[in-house]
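Quick one: the structure is below, questions incoming.
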Amino acid sequence: MELVVYLAGQIHDDWREQLKQLAEQKGLPLVFKGPQEDHDRSDEIGEAIKGTQPSSIYRDHTASEFNNLRTRIWMNKADVVIAQFGEKYRQWNSAMDASIALATGKPLILIRPESLVHPLKELAQRAQCVVETPEQALEALAYVFE
Amino acid sequence: MELVVYLAGQIHDDWREQLKQLAEQKGLPLVFKGPQEDHDRSDEIGEAIKGTQPSSIYRDHTASEFNNLRTRIWMNKADVVIAQFGEKYRQWNSAMDASIALATGKPLILIRPESLVHPLKELAQRAQCVVETPEQALEALAYVFE
Amino acid sequence: MELVVYLAGQIHDDWREQLKQLAEQKGLPLVFKGPQEDHDRSDEIGEAIKGTQPSSIYRDHTASEFNNLRTRIWMNKADVVIAQFGEKYRQWNSAMDASIALATGKPLILIRPESLVHPLKELAQRAQCVVETPEQALEALAYVFE
Amino acid sequence: MELVVYLAGQIHDDWREQLKQLAEQKGLPLVFKGPQEDHDRSDEIGEAIKGTQPSSIYRDHTASEFNNLRTRIWMNKADVVIAQFGEKYRQWNSAMDASIALATGKPLILIRPESLVHPLKELAQRAQCVVETPEQALEALAYVFE
Amino acid sequence: MELVVYLAGQIHDDWREQLKQLAEQKGLPLVFKGPQEDHDRSDEIGEAIKGTQPSSIYRDHTASEFNNLRTRIWMNKADVVIAQFGEKYRQWNSAMDASIALATGKPLILIRPESLVHPLKELAQRAQCVVETPEQALEALAYVFE
Amino acid sequence: MELVVYLAGQIHDDWREQLKQLAEQKGLPLVFKGPQEDHDRSDEIGEAIKGTQPSSIYRDHTASEFNNLRTRIWMNKADVVIAQFGEKYRQWNSAMDASIALATGKPLILIRPESLVHPLKELAQRAQCVVETPEQALEALAYVFE
Amino acid sequence: MELVVYLAGQIHDDWREQLKQLAEQKGLPLVFKGPQEDHDRSDEIGEAIKGTQPSSIYRDHTASEFNNLRTRIWMNKADVVIAQFGEKYRQWNSAMDASIALATGKPLILIRPESLVHPLKELAQRAQCVVETPEQALEALAYVFE
Amino acid sequence: MELVVYLAGQIHDDWREQLKQLAEQKGLPLVFKGPQEDHDRSDEIGEAIKGTQPSSIYRDHTASEFNNLRTRIWMNKADVVIAQFGEKYRQWNSAMDASIALATGKPLILIRPESLVHPLKELAQRAQCVVETPEQALEALAYVFE
């Protein structure tokens, strides 16, 4: 039975690609979905579809209409959500996706470096699993199929 | 992964056909469902199945039993709802489908001409995306698969 | 036991006031809530709180943030929803409130003149009760307490 | 009718106190709940109840058990959630509370300075209202009672 | 803490009155709600509110709009549902109320004479309690407060 | 897209078989599920699995464990429910299945002869469609695919 | 604001009484509900209401109808659930109440001695808080009101 | 139509293997899922993924993160849950899975020896079916496909 995994979180390295390769190596029947990983594309998508907006605040608002559309559709399909937090940026989108997983009964695997233990402590306490690397998250999914 | 799209809204031009062709051109795995587009058929379906009714009010009531059956079944299956509003008619069915999408957590893409901004403002504010043309709605769905 | 009644619908005559007086005359333990009835106030509330917006489309969007806040809070509290439709305007807000009642299991009483039977037929078919006047809606509520 | 308002967000100035005073001045029937505002107390509550833990990571985990208990109980009771974001800290708790409000159908009022428009854009797009100051949030609640 | 009890079922003897008196004697904090017990009134309520209908089938349909309004409002408020079945009539309303209790997580107490064991066996198997008399149902409620 | 149809109701003629043949003739992608149609088998299934019970009341109770298991599994899978009522028997199982469809948002098609209009009036008023024959129910489903 | 606390778990010492006294001493607005604490009464309640049953298995079944009625009503009302496990007995009722709290979004405080860490580890991992004594559970509730 | 069956319960004999073979012999379209059956693996999985923990209590906590991940994912997919209880151990995991099935509307088949009737009586009373052997559970599933 195939599982759909939503990969929330930072888009500043290739951790999603790594996960996909590991899953393939292990032959796990996983389908991965996630946000737009091209940062510029995700910022400009609103104006790309709806045309120039009157200011950057409206440009951002409009981009979010489409980023959220994407996220909501795939989150609704997901059987499990992995959210990775890193040192850079505030990553409120990752926190949003992770929290919506909590509230809708989708098991959440949280990946965070030890340095983020304190600021993420409440979110971590409600996650199903807390690990430090994408490899560990994949091992967790592999365990589901053992 | 295939997505089911419910196309609510006016049935007075071929916008659904346009959307389907665009989706096909782009190779998007979308299945489209929607209301009965033959207006006469949708008005007469009640009497076609249950026989002549005592007055036009009951004729309408009976037709709605079957129109609503159709809508509810496909709305339940939909991953995303597109509702298009136009200048003509009151389109309370479109508003109903759009609002039920809101209330049941299905992402809603609202299509409306600029002239309808004011009367649709509350519905638009709660929609996931608001655009002006079917082409833009399709671009939004294409973005989901990027 | 007190019931909370949300009065959706047109704000162009004093039907809400009538309903309240009738309820008081009959001694029914009803608490009425509803949208902002001062039309200008409801259009300007966004700019009143957040300041001038760059265009009328954003003015409308911003007003709707607060009109929807109000509606959602009281709709969440309501035990029953009454939606009145009239000849004037498109009343998509009324359709939205009525439809959200349907989708969230709140019994809906629809008030509409005979002239609107046809365009409202699908919404009417799913309503719990369909009547033509506010007095009839109140009689329906009185029956609940008999 | 009394409304319960959950005040999520930063605990580094007295904005909650301000809101309460404004509500009292206006005579609004609002009951405010929120997280533990004494930062040290919220960090030490786990060890205060359960005793010393083997390391800071477990100290944090244990504190979160009780902070989340508090938040979940009052969030469940809330009719509306206000989340304020500020420049300092990552405020992932605020994002969690705000997002759980989204996912559970509780109207969300987001307060954020203009400088945070970009990083909060997806969360803002799904909020019911977005304002810049606690005073505006209170005006929004006052509008609900007009 | 007061509990709301919905008394579904036959309206052909005074079993509801008996239950209320027993509850009062025992000092139990129970509020009882139920359908219209005046059979003629329940059959004529549609025409009483909406005027004469074109045939008995529409007369029945219209009466049901208001009977169902009443039932839905009080069932939504109920903490526990008691449904009594008797030898006479088919009592599909009672079966509807009992089954909706099952589907919405409201504990159901079923009262039925031994003669109805066989035809009610599937409904009984899913009820929370099955007894033969209203007195036993009241004892069950008294036990809740012990 | 295939739809799953649960056929609740009487098991005393071959109406299910008729429906299946009509669906096949029309090439409709429908999968039909329903209760055990062999009446004796449905009465004895409890003792067939669990052995002799101490009395007929327990025999009935035990049979219902397995009949309800079957019904609950297929009802959970169903996209639409058809319930047919006839003159014979009390058919409280049919009423239970129909009512659970109402309460769980599954569209209900009710089939009943004119003679049962009065006793079924409240259930009929909440059904999505009310018809008199299985052929009409099938036409309703065919309309969904037009 | 008053909170309702369901006290699941063993009935072999006076821990509930202790909790109530502590809550009173601290002036916490807590209402406590729980199962029947008189063990014999809880075993005999079925026969007390319904008369002698054919065997001990049916005696147990019948008692459970009423014990579960009580539990379900108060669990539905609870804002928070405390479940205490002890060395004696298997306490599957406590596990049932605790797990239903998990599945219905009610925050769960688990009390268990260190000796039960291993067998309760999965339940504990999903609880909101895990403590070792009723006093600690009460401190957790006191923290909610700080 | 294929059904997914979650096999909760003891992992100390090969009852799952027996069930699978019986299902295959009968040609039933069943997919079985369940917990990790290798007891040592299930105890060590936390440290296997996350490394050595500071004490056995944290070792257990960490193992449970992954055991619960597995259970939650497959329980979410299940159409029906079978829980087997035996004489050995306290089996609180089995009770947790069985109870979550109750609370989420998944039909539960409980398998328990006669010796456990009394301690399991409340759980049994809310199960859909109660049997004594895996063979009987399989017969129940076979009946669903008759």
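Per-chain numbering from 1; labels A, B, C, D, E, F, G and H assigned in written order.
Please note the rule applied: a contact is a pair of C-beta atoms (placed from the backbone, for glycine too) under 8 Å apart; a residue touches a chain by one contact, two chains touch by 3 or more.
Source: prediction; values computed, not measured.
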Least hop count linking chain A to chain F through chains in contact: 2
Same-interface partner of A-B, chosen from the options A-H, B-E or E-F, over half of the pairs matching: A-H
Length of the line joining the C-alpha centres of chain B and chain C, rounded to whole Å: 23
Computed distance of Cα centres, chain H from chain C, in Å: 49
Between chain D and chain G, centroid-to-centroid distance (C-alpha), Å: 30
Multi-partner residues of chain F (at least 2 other chains): 65, 68
Pairs of chains found to touch, sorted by chain label: A-B, A-C, A-D, A-H, B-C, B-E, B-F, C-D, C-E, D-G, D-H, E-F, E-G, F-G, F-H, G-H
Complex contact set, residues of chain F against chain G: 54-55, 58
In the complex, chain D residues that touch chain A: 56-57, 60-61, 63-65, 67-68, 71, 89-93, 95-100, 102-104, 114, 117-126
Parts of chain A lying in touch with chain B, wherever the complex brings them together: 4, 31, 33, 36, 41, 45, 48-50, 65-66, 68-70, 72-74, 76-77
Chain B to chain A touching residues, read off their complex: 1, 3, 79-80, 105, 107, 109, 128-132, 136, 139-140, 143-144, 146
